[in-house]
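As written, the chains take the letters A, B, C and D, and residue 1 is the first residue of each chain.
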Amino acid sequence: MNAWIRSVLMPVQGTAYAGRVDHLYLFLIYVSAFFFLLVAGLTGYFVIRYRRRGPGDRTPHITHHHGLEAAWTLIPLAIVMFIFFWGFHSYMDVTVSPADALEIQVTAKKWLWQFEYPNGVRTINELHVPLGKPVKLVMTSEDVIHGFFVPTFRIKQDVVPNTYTQLWFQATVPGIHELECTQYCGQGHSTMLAKIFVDDEKKYNDWLATGGDAGKNMPLAEFGAMLYASHGCRTCHSLDGIKGQGPSFKGIWGHPVKLSDGKSVMVDENYVRESILLPQAKIVAGFEPIMPTFQGMLRERELKALVEFVKAQK
Amino acid sequence: MDAHQTAAATYAKVLGTLLALTVITVLAAGLNFGSWNVVIALGIATIKASLVALFFMHLRHDKPMSAIIFVTGAAVLGVFLTICTIDSSERDEYRVRPARESISVQPAPSVPGRHP
Amino acid sequence: MSDNYLSSPRGIKSWLTTVDHKRIGVMYLASILFAFLLGGIFAILIRIELLKPGHNIMSADTYNRVFTLHGAIMIFLFIIPSIPAALGNFVLPLMLGAKDVAFPRLNLASYYIYVAGALLAIAAMVAGGVDTGWTFYTPYSTTTNGSVGLMTFAAFVLGFSSIFTGINFIATVHKLRAPGMGWFRMPLFVWGMYATAIIQVLATPVLGITLLLIIMERVFSVGIFNPQLGGDPILFQHFFWFYSHPAVYIMILPGMAIISEVIPCFSRKTIFGYKAIAYSSIAIAGVSFLVWGHHMFVSGQSPLANVIFSFLTFLVAIPSGVKVFNWIATMYKGSISLEAPMLYAISFLLLFAIGGLTGLFLGALATDVHLHDTYFVVAHFHFVMMGGTVMAFLAGLHFWWPKMFGRMYSEAWARVSAALIFVGFNVTFLTQFVLGSRGMPRRYYNYLDQFQPLHVFSTVGSWVLALGFLIMAGYLWASLRRPMDAPANPWGAVGLEWQTSSPPPEHNFEEVPLVTGGPYDYSTPEPDPAEVHA
Amino acid sequence: MSAAATLQHHFTTAEQQADASKIGMWLFLVTEILLFGGLFVGFAIMQSLHREAFLEAHHHLDRVLGFVNTVVLLTSSYTMVMAVHSARTDRRKRVIVYLLLTLICAGVFLGIKYTEYSHKFHEGLLPGRFYSHKGDTVPGQFMFFSFYFMMTGLHGLHILGGMAAIAWVLRRAVRGDFSHGYYTPVDLVGLYWHLVDLIWIYLFPLLYLIK
């Protein structure tokens, strides 16, 4: 019964903590079900049992009953205090991270997630963590407030500019987990997603040692397509010619574009490269200067891959 | 009319006290009491405010309803101030202090035209 | 029957310049129903867009504007003024045996301020739109484009309308009760309105200054909420929720107030635990000022504040629970008939119970961290606001409709409509509890494929809901075209408002009523409850 | 004007009407307190975050002018309460004199405020993004001036509103509307005026004196 309710209502338990949250959740389901059935049952029973039989119905004059009233004040009070302490107790587990936790820096900006590992490796929209090890996230935002939410881990924390907020977890289920932005942040809010890769320690270490260079064996344009999807480019730049927050990539290669300062520029390797690294330098006419810089976040090969990808969008 | 004289005299005395307290608060601001500076300044202000409320606004002789409304409002503001202050100081350790010079000159990237 | 408040004096001008609380109530009613229609259209658009992931009928930018407008219109233009300003304005003086509210001109001013605020809000919609969500969180709201300044100013103006209504009701309750009507002979509707008015007066000004600060931030970059300038965006959330949590009780207390009238009337029985219900209204108003931080458990607020707010939040559950049990006990051994107002009251009981119980999930820290900012929250507050307040509003509307307009509506159609609304509502929003628990965040234009079946279900529910409201619009409109033949007291109710004709004369009562007993003397024989207590 | 003529139809006695008005006014005053209260809370928190900048910035304010303005406003409160008192005791001429004195004090207050403001404008001590004062050693002082202008500005608007209200009761006093049986408007305007004074009592030390 419990397992069935959990499977219907909750996602997979990706951490031991998730199990503790679900425990309380299930308890609350039962408490709610009990009280709802009490309310609905009594209402339904009274409506039928005491339905109006005629205009001459006489009803007793009952104004109050101290015992009953005390009971339905004090019993719920005891129950909610119990729930409070339970919720408080479990919550304390997520507020204090273990001292030996692996620390990963998280930076959120419209509309992507950037992760930096202790050895300096950086990834975008992909978080790799070792299985069964405590991981502590130190998070901040570069623009507006974002929300870091992993449903399978049952953790959530807003990511606030000029503040370091923290979270920690210890993943127990290998595989891919979804990360979603939960604090409304504008046009790309619902596509500000990332994937969390939980791998055993060896695989994680191998990945970290190679610097997370996933695309090293792919052809450039194909690698670029992967980066286009994983690095959040698609949030603003479409491939089908529809104007988003930024210009579409369709058919721009090799053609001049008009800039907001009235000049125009040819879309070539240098221009695409500059637009990725210094997005504010040349703004296409009709768009806002809102693109974040990717300076220091992309390898040389990744830049080339993205240029190739744009080139391929005929 | 005696009552009239008394009331008018009271108002004059209250004004005198208020002016004296103003002088005191200015003088006290010249001295340094460390962290007590704020307490002293706001304490004197509260005494002055109470005098105004009790005498000029008649709370002392008015029906209690007026005082109840006034005190409730002040209490609600007190709750707001207290909790905001507690939370703000509790959060202090998490705050990123921007580099000193960046506070006033660094424009937010997405808002054009700030700090010309 | 020609000499009633609707027909005398005559002419458009006499309506626009009226200081009669009944006419102002009717004008408010028309305005809020229009706002409800507008907000409802936006709701349907949202649900259609969410039928499948990705682009369906609008772009992400449009979607963000639409959900912002749905929220802002429903809250500031519909639900906050709905019961107090429309129904309350009409019946509160009648219930007290008064000729009018304490400050009739202020009352009219409140209406025109509401209209001005509504026009400003519509102007903001047309001129660029607003994409901040109704919560206006900084720094998003201070940096985004569009007419955020105009919209916040509109909400600022609407705040004054709400404050003036509150001031009026408090003064009216204190000073204009009919001879013999002591505090504990007042109908519980009046107690609810009184508690609501306290919150309106004490909380709304803080919203006012918060919205002004947003405008200042946008115009001058004053810095207080802007992290780039050394400000604190979490402080904004404190400011905002300091108003907006009590505002939730501005919305639900009037709903509870109506239920306390409807259930005794249709059960033909004295209300159970009169004093407990009266005091619980005041208790809710008081505690409502201490729980705002439960909207901020994952905001980066300090853990200490989280624990304090979680504790206080559970306390506010108790008075609401007490009320529900008292209403149920009122039905015990009653003589229950299920006319439209009672159907809505029972809908309220069931839906509000779900809304309240799911609040426990959100008050407890550990579960809230998971459920916060997901569809679970969306479902929860729709169960409280729509399942609670709107159902109660509909109960009140059907209860007092004959009093307001002197005409009965079609009872058969009313039942059809009540059933459709109940079913449609549950299909729409019960689903969203599951969506939220499974990790569907709110304010999402696009979503993962796994959530689609439930979204389809929810959208279909919204159509059933819309159908129910369309039918209601139909039969209520039809009733207005019928001859004025409603009796003074169609439900056999005992309140003072039923002792005058339907619709009431311009000055409410032919002679000032003298109150000699309690407000719910339905039962026979009828001793004075005051004496029973003594 | 007789007491009966000023009784609105929905009240039964003049006392009931006066009480209701008073409750209404006090509720309104409480909304004003909470409106300003938000600014005070914001000031308190920002001051604690930027102590140095706020301390440095407040040296730009002129304590002498602030002090004089406090005295002027306290005096105006006294003249106002004397106006109310004179109305209650049927001294109609004195009502007019005291109301005029109050108006004059309010005018002096705004005049001094104007001098202060124009000095700040000249120096570039302006709120937020318009702050352009040169030669600061401590950064971030614009925030103090954001609050300075918002708080004194909102207060100044209330002074203006109060002056309009006083002018209105003055006109009615000249017309001879008030007597010991009916002086509610003078009373209520008085309450409002004292509240404006009361807010200044806190603004003065917070902005000009605190270190």
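Keep in mind that, in the parts below, contacts are C-beta pairs under 8 Å (C-beta built on N, C-alpha and C of every residue); 3 or more make two chains touch, one makes a residue touch a chain.
This one's a predicted model, so the numbers in the text were calculated from it and none came from an experiment.
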{"item": "Neighbouring chains common to chain B and chain D, by label", "value": "C"}
{"item": "Between A-C and C-D, the pair with more C-beta contacts", "value": "A-C"}
{"item": "Euclidean distance of C-alpha centroids - chain B vs chain C, Å", "value": "35"}
{"item": "Averaged-CA centre spacing for the pair chain D and chain A, given as whole angstrom", "value": "49"}
{"item": "Distance between the centres, which are taken as Cα means, of chain C and chain A, whole angstrom", "value": "32"}
{"item": "Overlap residues in chain B, where contacts from two or more other chains coincide", "value": "65, 72-73, 76, 80, 84, 88, 91, 94-95, 98, 103-104, 110, 114-115"}
{"item": "Chain C: positions in contact with at least two other chains", "value": "139, 143, 174, 202, 206, 221, 228-230, 232, 234-235, 300, 303"}
{"item": "Junction residues of chain D, two or more chains touched", "value": "19, 23, 27, 30-31, 33-34, 37, 41, 45, 49, 129, 140, 142"}
{"item": "Every chain pair meeting the contact rule", "value": "A-B, A-C, B-C, B-D, C-D"}
{"item": "List of chain A residues in touch with chain B within their complex", "value": "140, 143, 162-166, 280, 288-290"}
{"item": "Residues on chain D engaged by chain C in the complex (per definition of touch)", "value": "8-11, 16, 19-21, 23-24, 27-28, 30-39, 41-42, 45-46, 49-50, 127-130, 140, 142-143, 146-147, 150"}
{"item": "Touch list for chain B against partner chain C, complex", "value": "65, 72-73, 76, 79-80, 83-84, 86-88, 90-91, 94, 98, 103-104, 106-108, 110-111, 114-115"}
{"item": "Residues of chain C touching chain A in the complex", "value": "60-61, 64, 131-133, 137, 139-140, 143-145, 227-228, 233-234, 267-270, 272-276, 298-300, 303, 306-307, 310-311, 314-315, 317-318, 321-322, 324-326, 328-329, 331-338, 346, 349-350, 353-354, 357-358, 360-361, 363-370, 372-374, 433-434, 437-439, 441-448, 522-527, 529, 532-533"}
{"item": "Chain D-facing residues of chain C, complex", "value": "98-104, 106, 163, 166-168, 170-172, 174-176, 201-206, 208-210, 213, 216-217, 220-224, 229-232, 235, 239, 507"}
